[in-house]
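You will see two complexes here that share chain A, one where it goes with chain B and one where it goes with chain C.
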Partner chain A sequence: MSLGIIGCERSGFPALCALGKEEPEIWDRIVEVFPVPCLGGVDEETILRILLRCDTLLLVGCPPASCRNAWGSTLAEKRVARVSQLLEEAEIPKRVFCVFANPNRLGELKARVVV
Partner chain B sequence: MQVALFGSDRSLPLWVTEELERMAFSFEVVTPEKTKALLPSSFVVVLGSALLTEDEVAELALRLGVNPLRVAVFPYEEVRDLPEEKCRTLWQGFLRSLVPPKIDVAAFRVTPTRRVLLYPEGDERLCEAFARARIPVVSFPSFVLSRKGVDFHVMPHDIPVGACVLIPSLQEEPPVVLPREVLDTGRVVALERLPQVLGLSSLRKMCVVLLVPSPHPYPEDWERIFALASLPPQGAQVLVLAEEVFVAREGFEEAFRRAREAGVLFEKLPLSRVSLSPSLDMRRVVVTYTPEKDPFPVRCEAHWLVPVSRKTCVLPPFDKVLLSDREVVLELPENPNLLPFATNIPGVFVAWGDVEDLVVTVSRYLEEGSIQEEGRVRVDAERCALCLTCLRSCPTGAIELSGDLKRCIAVNEALCARCGICAGLCPAKAITFEVVHRVLGNHRL
Partner chain C sequence: MIVGERKPLREILESLSPYREVLVLGCGACVTVCLAGGEKEAREVAALLRLKGFAAEAASVERQCEREFLVPLREKIPAFQAVLSLACGVGVQTLSEVFPGIPVLPGLNTSFMGAPLAQGVWEERCIGCGECIVHRFGGICPVARCAKNLLNGPCGGSKNGRCEVRPDRDCAWQLIYDRMKALGRLEELFVIQPPKNWGPSRFGAQRKIVREDVRR
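And now, the complex of A and B:
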């Protein structure tokens, strides 16, 4: 199952790098990595376009309470919910998840990435 | 290109058919009674006056078997009574809007001439760096520069140059106006000369007052100020009156702490609150100031007064050099979203800081015809409806209403954190944000 990741430059992307150092085998599964300044700027269209080329897409960002841009992660969460609903209604077997992580808090990301 | 005219069966006027033929459209007339499936690529023009609702358009598109976006309405009933000339122009414009003109992107990828103009004349270091990169350099004391296409032209010699590098000059001015009487005491000394002066005289119970303006002077000046901590022996008093203490550099915070521990007093206040006068015996300078914390003025007698000059970079008068129809506004490079050397005029650079980096940037510009800017936010004034969603959503408060016309919002790039939230939320998609698109574009989406 191929995995795509959009990570925010503040927390998500460094968290992914930290996890990659711990468990280098995750890179075999990940086909796309996009660092973006903030998850709040990633719109539904972009999510769907990236989803064309992977089975699962993770949006990795700061925990909502500590998001640098105040509501970037909250916005991303809403959009992911909307896209997930669309995918379920259309019965497309691809999935999008919002994951909150930073280099000191890898648990949730680890659970999603490491099989 | 096929166009189906949807309307009544009556004979159409000549201007309708003539213009269609002139624009090489093949057309046919479709009526509500006799409909048939069309090619998917064909356009449907409804010759009517009433605007169709979305449902009606969808139904029509379904009946004719075309994409609903290809159905357009021409207000034929209202237009046909106008003079023929007017009808013809309206119809022409309408047909042109159906098919957007194709732009050849490759035609815009023009690379500028590989030659650089330095203005005013560059120093040896800059010339050498350009010579190493094999970019010829021209510099003239006086000329007129005009722009044709991507190249600048240096007149009267008419040499085309691809890029223009402006060399700023450093201007120094005193932080406060020093009264004549204070200068007459001979107790005013420059920061560079202070260690020598202090070394000459006995420092016992001496008082040195430094006036440091903001924007902060060069880091070297702060290094000198912090180094004073090691200089004064017991009994000397050093007072630094600064508008802002600059510690944002490696090791500076540590040096600042050490200086304070050694007894250097730092006082933050606007220098306009400082008044200077000579003492009665004309051997000292009386400095009176009101600190920010309490309202009582403090008076101290300084043996040495050190005004650290306010240093500002002044760009050469560019508007007198460049004669063109383009708007000439140079954005200063404090803007974190611009490359350190770039201005908002493509092809014009400013030689701040590192020479090697500048040469690399210029060389890349001369090869590719453009430079990659860091995440500039662009606002399409045509689309912006001033709904102010961006204003409410911006976490850094970088959205402003543009001053003169207030027709569209403006982004203050000095405050913008490049998060892209405004672009994602804009209902009209008027804000485009280059970072996200560039990052994704690199992966050939």
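And now, the complex of A and C:
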């Protein structure tokens, strides 16, 4: 299963780099990585376009309570829920998830990325 | 404005099944405001169609219901086998008339003429009856907003200001009463309204307006 990742520059992307140092084999599965200033700016179309090139897409961002831009992770969660519903409705077997992580909190990301 | 809703994807996919190269065309007017068929939604649907194996592209025009705005599509449309229009029924038909050689499929269900009440909430306000009488009811249309279309209301079935037929909706006659009271015009509600003239409504033949003064 190929994996794409959109990570916010504040938490998600640094968390991915930290996990990559711990578990270098994760890079074999990851086919796309997009660092973005904030997950709040990632719209549904962008998610769907990246899904063309991978089976699963993770949006990795700040834990909502400590989001650098206050609402970025919350907005991302809403959009991910909407895209998931669209994928299900169209019977497209691809998945998208929100994962909240930072370099000191890798558990959730590890669970999704490390096989 | 005209309020619409995207058709279920299953229905869209079924109607597109004979085609592969598809243009998803948004409209920049009403359906953009009701977040159903604007440029953003067209790009989204095109991306979904690509995931389903279609060679889909998205585009949008200012208003699909006016021929002038469709002229720039003359070069683009022949490259596709079908157009999925995310405009209201008027836009879909105008597009079909301007490009009779290409199948135009509706991607939206046109729901009603209404207004946005809050983010993500739209409510019907007008049925286009052809003879507006809202001034007699404090600016609230009982034809569109009363479940029983009563001109001499209320029906007596409303409870706590809510409609008897749809308790999640306001009773139009309660709203009319409150508005007329606030305007100091309550006594006007004692006037028996004559039967409505449905001649200019949509129950006759297709309606048409011709303005000789502005024709060329």
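Convention: the second predicted complex is superposed on the first by the 115 of 115 C-alpha atoms of A that agree within 3 Å, B and C clash if a C-alpha of one lies under 4 Å from a C-alpha of the other, contacts with A are read in each partner's own complex, and residues count from 1 in each chain.
The rule is short, and it goes like this: contacts are C-beta pairs under 8 Å (C-beta built on N, C-alpha and C of every residue); 3 or more make two chains touch, one makes a residue touch a chain.
All of these numbers come straight from a predicted model, not from anything done at the bench.
Looking at the shared chain after the overlay, A:90 reaches chain C, while chain B stays out of its contact range. When the two structures are aligned on the shared chain, A:99 is found in touch with neither chain B nor chain C.
Of the two partner chains, neither chain B nor chain C is touched by A:60.
Which of chain B and chain C touches more residues of chain A is settled by the count: it is B. In the superposition on chain A, A:49 makes contact with both chain B and chain C.
Once both structures are placed on chain A, chain A residues 43, 49 are touched by chain B and, in the other complex, by chain C. Partner chain A is touched in their complex by these residues of chain C: 8-10, 13, 40, 43-44, 47-48, 50-52. Only residues 32, 34-38, 40-43, 46, 49-50, 68-72, 75, 79 of chain A touch chain B when the two sit together in their complex. Put simply, chain A touches chain C in their complex at residues 43-45, 48-49, 51-52, 86-87, 89-92, 94.
Residue ranges of chain B in contact with chain A, taken from their complex: 375, 393, 395-396, 417-421, 423-425, 433, 435-436, 439-440, 443, 445.
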